[in-house]
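Pasting the structures here.
What follows is a pair of complexes built around subunit A, which joins subunit B in one and subunit C in the other.
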Partner chain A sequence: MSVFMDLNLSYTTDKNRLQSVIETAAHLGFSTVAINYGFEPTAKKKQEIPTPKPINELIDQLPIVQGRSRPIRVLNRLTVVMSDSSHFRPNAAEYRSFDLLAVQPTTEKLFHSACMLLDIDIICISVTEKLPFFFKRAPVNGAVDRGVVFELCYSAAIRDSTMRRYTIANALSLMESCKGKNVILSSAAEKALELRGPYDITNLGLLFGLSDAEAKEAISSTCRSVLLHAETRKTASGIIYTTKTCSDSTCQQEAPARSELCEAPAAKRPHLAE
Partner chain B sequence: MVRVKSRYLLCEVNVSDRSLLLLLDDRAIAAAVKSVVARIHGDYGAALCSIRFSVKYLNAHTGIVFLRFPKRCYKLLWSALPFITSVESRGQNIPCFLNCLHVGGTIRTCQKFLVRYNTQQLHRMLPKCKNEEERQEVRKAILNCSLTRQNKETFQDETESEEDEEE
Partner chain C sequence: MRGDDKKDKSAGYQRVVLKNASPYHYMKVCLVLEDESTKLSAVELKQFIITGLKTLYGEVGAALNFDLLKYDEDTRTAFLRVCSRGLVKLWSSLTLLGFYQNQACAFRVLQVSPFLLALTGNSRELQLD
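What follows is the complex of A and B.
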């Protein structure tokens, strides 16, 4: 059994619902999930980038993952819906508090720049409308080379029949150009009942034009490489990692949380070198 | 003599409220699967689903279902299962989803897996017991079913029902 991840659980202000979604995810065997904060800038007024809630505020005790003895790992993720190139502000301080960064481009030009230039981890493919542009080979290959992945969400397909058609159509046209590489499947679930088990998702990949092995990669190893990519974004290509050391007594409370953060990349560093 | 090959899908019915599980019966599940296959794969899927599809076993307490599909098309039929959002049973609409745990070639391998899986579930639930007595009871039940081989299944059933009461 490999490590399964679901890098998109929609954030809701309803704490109980979010808690039940996380518990169901742990029950189904996902060992890492990411809570997604949507951000859609509009031209008229300036909006605030949402700030992630600390995980321990959202859920008191993290549930144990099915088949493992470790509690589930919960990350934060920001998705920016881009309709103009000014919507994504690189180096914005607000982005740094999120573990993962995703954009959803709405025009071909923005898709090109997201694939080739922007410092992000995930490109969301819209599944709720007919694709406004074609996926060209050049930007898709560029994204594959840079380690940026494409994300397909399946919960819209579960909700509604027309959405299902769009999801499958968009997925198939994406697979034509990227050939199943660098694709992740995630849920975008708002309710606990919109999640599906990892083996079901793997088989669902067949409908989206993925082969068995590619579909399994889409929920396990590609997701892992996304996490590692996100870490390199923060840490100068994963070579240098800086942490604050606390000597004051006031900082003592923060210390355990910080040391946990430091441990994760240290354990993964050998893999990066591979 | 070559036998007719099938695939058995061991699925778990997940619901938000566990008391709703008791309303389920095999015919409701079979109807839900058939209708969802017809919705996703059209007439072709419905035709494939009518050949050797059946619900072999249903445990309403734990929400475990065995589905049998013909081997040559089980992947196609399985790909429709994630789109089940509710099961209509005894005049009530139960929102749920099926989570596939295991795919086997015979019922026997599925049963073996299920026994192991249920023991694992008991271990998972053990820390959730409210007091020490309950914990001892469950622990004893687990030990019983893992030590004596012959009585394995009967004990398994008992422990399952105990767990349901606790929740």
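What follows is the complex of A and C.
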């Protein structure tokens, strides 16, 4: 089984608060978290794309994940709020320093291009407003085929009851078109008390129209495929993972290493039984 | 069951259905508050949980039967019993509770089991030496 991940922790300049959020995430059992840097370009003036802070500057000692005796993995992620197609600059050098790339489209047209064209990993679904457009089946299916995932954040639902309504409504309308595939649930937490445990989120996924298995995938294996998708984005064609399997007594040197090939989009990768 | 018919065909099938119909589920939850010094009695805790149920599911949700079996005021840890059909409702309303009297709070669900005995120990906190 895949480990639990939370691919959205809001970045704050308050170092202590960020540390306590990461520590809480490790304590709750998340093995991987991503610190999210928001970027909202406006038409008037040119803004700088934020640069990620190195992890060792943010936190001195990575906390141990509960139950796994292994330190937590912390990644960086950029979310671009798009209100115009020029806001996302493909091949921008600034994007390369981030492990994950996400966009939040605000119009139907941009949603379509984000699903079908843009070289990204995650499409954020807005949960703080009534959905400005309808999720059409064609772009959603296109995104599923390409291995791009949709992200729903739940911490807004904890903060405010109006946001909770929007979160559930938007989630349900997303599930109508994507049928629970390629969805990740993440927190977008700013404070440690806005984080919830992985099994709590699985249960919450039932409210969002996911089935038991889909909800669990949404915080574990789908997140893993996002990370692999992000790695393929950085390279020319794909990535190969090999693990040496020590077979019985005769540890063959040239045993065919199990490899996981992903030239195809993450969703279409052949899954090898481990 | 599947192995039986290979050995002895004359025995025929015996169908055993385990319905797993445990009537209740038990939860061990811990309330984490921003201000650690806040005192909370058992009655207040139950009232707080009912408020959470009511905001998420309305009056019908607030009518859900659940019991506070045991509560430790110092650690704010409680054992809840809820009928199995209401587990998802109760759990999700606990998850979405974020504020207690205008201070941030969070319910940490420590253990969930259909058997009360299972809550006596936690396998994740075992120290294997």
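Methods note: the second predicted complex is superposed on the first by the 236 of 274 C-alpha atoms of A that agree within 3 Å, B and C clash if a C-alpha of one lies under 4 Å from a C-alpha of the other, contacts with A are read in each partner's own complex, and residues count from 1 in each chain.
Criterion: a contact is a pair of C-beta atoms (placed from the backbone, for glycine too) under 8 Å apart; a residue touches a chain by one contact, two chains touch by 3 or more.
Being a predicted model, the structure only gives us computed values, none of them experimental.
Novice: Evaluate whether subunit B and subunit C can sit on subunit A together after superposition, giving fit or clash.
Specialist: Overlaying the two structures gives a clash between subunit B and subunit C.
Novice: Just subunit B (first), just subunit C (second), both, or neither: which does A:19 touch?
Specialist: Neither partner.
Novice: For A:158, select first, second, both or neither according to whether it touches subunit B, subunit C, the two together, or no partner.
Specialist: A:158: touches subunit B and subunit C.
Novice: Which partner does A:206 contact after superposing on A: first (subunit B), second (subunit C), both, neither?
Specialist: both
Novice: Based on the superposed arrangement, let me know which partner A:67 touches: subunit B (first), subunit C (second), both, or neither?
Specialist: both
Novice: Starting from the residues of subunit A touching subunit B, keep only those that also touch subunit C in the other complex, and list them.
Specialist: In the superposed arrangement, which is not itself an observed complex, subunit A uses residues 28, 66-67, 157-159, 161, 164, 193, 195-197, 199-201, 203-204, 206-207 for both subunit B and subunit C.
Novice: Using the touch rule from the top, collect the residues of subunit A that touch subunit C in their complex.
Specialist: Per the stated touch rule, the residues are 28, 66-67, 157-159, 161, 164, 191, 193-197, 199-201, 203-204, 206-207.
Novice: Using the touch rule from the top, collect the residues of subunit C that touch subunit A in their complex.
Specialist: Where subunit C meets subunit A, its residues are 32, 34, 55-56, 88, 91-92, 94-98, 104-106, 108-109, 112, 124.
Novice: Help me check something: in the complex, which residues belonging to subunit B touch subunit A?
Specialist: Within the complex, subunit B contacts subunit A at residues 12, 14-16, 39, 75-76, 78-79, 81-83, 85, 95-101, 103, 120, 124.
Novice: Which subunit A residues qualify as touching subunit B in the complex?
Specialist: 20, 24, 27-28, 64, 66-67, 154, 157-159, 161, 164, 192-193, 195-197, 199-201, 203-204, 206-207
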